[in-house]
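Here's a structure for you.
Chain naming follows the written order as A, B, C and D, and within any one chain the residues start at number 1.
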Amino acid sequence: MSDSTTTRTFAADRAVLADVRRFVAAEAERLSFSDHAHDLQLAVNEACANAILHSQTREIRVSIGLVGACLQIAVEDDGIYRDKLPVPEVDREGHRGIPLMAAMVDKFTLRRGTEERRGTLVQFVKCKS
Amino acid sequence: MSDSTTTRTFAADRAVLADVRRFVAAEAERLSFSDHAHDLQLAVNEACANAILHSQTREIRVSIGLVGACLQIAVEDDGIYRDKLPVPEVDREGHRGIPLMAAMVDKFTLRRGTEERRGTLVQFVKCKS
Amino acid sequence: MSEGFRIEPLDGDGVRLIGELDLASYDEAAHQLSRLLESDGDVTLDISELSFVDSSGIRLFIRLHLALEGRGTLTLRSPTPQVARILRMSGVADVGIGVEESGQ
Amino acid sequence: MSEGFRIEPLDGDGVRLIGELDLASYDEAAHQLSRLLESDGDVTLDISELSFVDSSGIRLFIRLHLALEGRGTLTLRSPTPQVARILRMSGVADVGIGVEESGQ
């Protein structure tokens, strides 16, 4: 990402989600993406919620910057991606975190943390429409 | 992707899935990724199945090549990504296509096709372990 | 409860959700709203002052709807445009939850 | 039916799934396997010659399991290592489907 990338580290605790969203809104405004602040907040909120619920990480790093004319956000934890899929037919849960975050942005990337290379990375790209 | 990228176009019909898998296996072998052929076949199979089921595209393009030491595969249709999320609590379906394909590779990227820029692109990166 | 979320009784009937409904406020919200299910009939939530809802909030609305088991209808009244969009995208209206946007 | 998939009766009891079970073969497979549900009791599928299974196949196994409604157990016998891995990752054993890997 460009020079103007800002990174903030959050504790992996659900109480930080409101802070995460404020951070995303402030950065979106700084980078002239206020129109997309809500969608970016929701995408990053879901990625952080997943790190909190599933990764056993202690902290989460959120980086926001511009790449060309687009805003790029990275959400990184230090955990291992849980490969075992849920069985929604039986658990009766919605599991809509990943579908929802993907729908909020133009491009969604997931790099699964593994035992050999810990740390799940979720990356969002949002461009002006 | 590199010079040695191969692209093949398939009709958007479920009957082509077996051909798609054969193509992926042959390319994986050519690029010395036979060990990962099954996982790549499954990932590409799921991406093509989604294009067939959800995108109303007429054809699907599958490109396979090397990027550095990793295999990169792109699956592209000409449709619009269906943003409306399913409600698994009510429809009692598993909706495991995207979670399954993401679990098969090191890096998974989704660029949603929209009305302004049609064509959903799913990209997989698999590296030697 | 998360400082950013609370539920207030309305003058007439029903309650108003205020603030941000997310993974942090989910448990408390679910606890308070489950009491609305005790009395038979329809449940209406005024969400005009709900400024944010995430997948936990969607999950809560769908659980409330399923818990009603057809004994009544869950209605979400007067969402902000952003919340209305997320509700639409999540398909909640398609499963039988009433979403009454302002002006309707 | 897709040329790459078929179901054969076994000498004793049950059936064997052969080839590739995917979105193309799903309908025919679901149709043929639903008949196994008519008789009460356990259902065992020999999948030793099933060379590929995708999310449609997982969906089919889970539907068969749910259709049994506890009247019997669905068992998948002798998966290849690759199919066994996909079954494990999909959590089918966790919901009560028997997966008998060879050598067990």
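Rule of thumb we're sticking to: contacts are C-beta pairs under 8 Å (C-beta built on N, C-alpha and C of every residue); 3 or more make two chains touch, one makes a residue touch a chain.
It should be emphasised that the depicted structure is a prediction, and the values quoted were computed from it without experimental measurement.
A.B. asks: From the mean C-alpha coordinate of chain B to that of chain C, what's the distance rounded to whole Å?
C.D. replies: 37
A.B. asks: Between chain A and chain B, tell me the centre distance in angstrom, where each centre is the average of that chain's C-alpha atoms.
C.D. replies: Computed value for the inter-centroid distance: 23 Å.
A.B. asks: For chain C versus chain D, what separation do you get between their C-alpha means, in angstrom?
C.D. replies: Centres of chain C and chain D (C-alpha means) sit 41 Å apart.
A.B. asks: Which chain B residues touch at least two other chains?
C.D. replies: In chain B, residues 83, 85-87, 89, 93-94, 96, 100, 103 touch at least two other chains, as defined above.
A.B. asks: Which positions in chain C are in touch with at least two other chains?
C.D. replies: 62, 89-90
A.B. asks: Can you tell me, using the touch rule above, whether these chains form a line, ring, star, complete graph or other shape?
C.D. replies: Shape of the chain contacts: other, as it matches none of the listed patterns.
A.B. asks: Of all possible chain pairs, which ones touch?
C.D. replies: Here the touching chain pairs work out to A-B, A-C, A-D, B-C, B-D.
A.B. asks: Touching chain D in the complex: which residues of chain B?
C.D. replies: 14-15, 17-18, 21, 38, 41-42, 45-46, 49, 52-53, 93-94, 96-97, 100, 103
A.B. asks: Per the contact definition, I'd like the list of chain D residues that touch chain B in the complex.
C.D. replies: Those residues of chain D that touch chain B are 2-4, 20, 22-24, 52, 54-56, 58-59, 62, 82, 86, 89-90.
A.B. asks: Once bound in the complex, which stretches of chain C touch chain B?
C.D. replies: 62-63, 66, 88-92, 94-95
A.B. asks: So in the complex, which bits of chain B are touching chain C?
C.D. replies: 83-87, 89-90
A.B. asks: Using the touch definition up top, name the residues of chain A that touch chain B in the complex.
C.D. replies: Answer in residue numbers: 81, 83, 85-89, 92-96, 98-100, 102-103, 106-112, 114, 116, 129.
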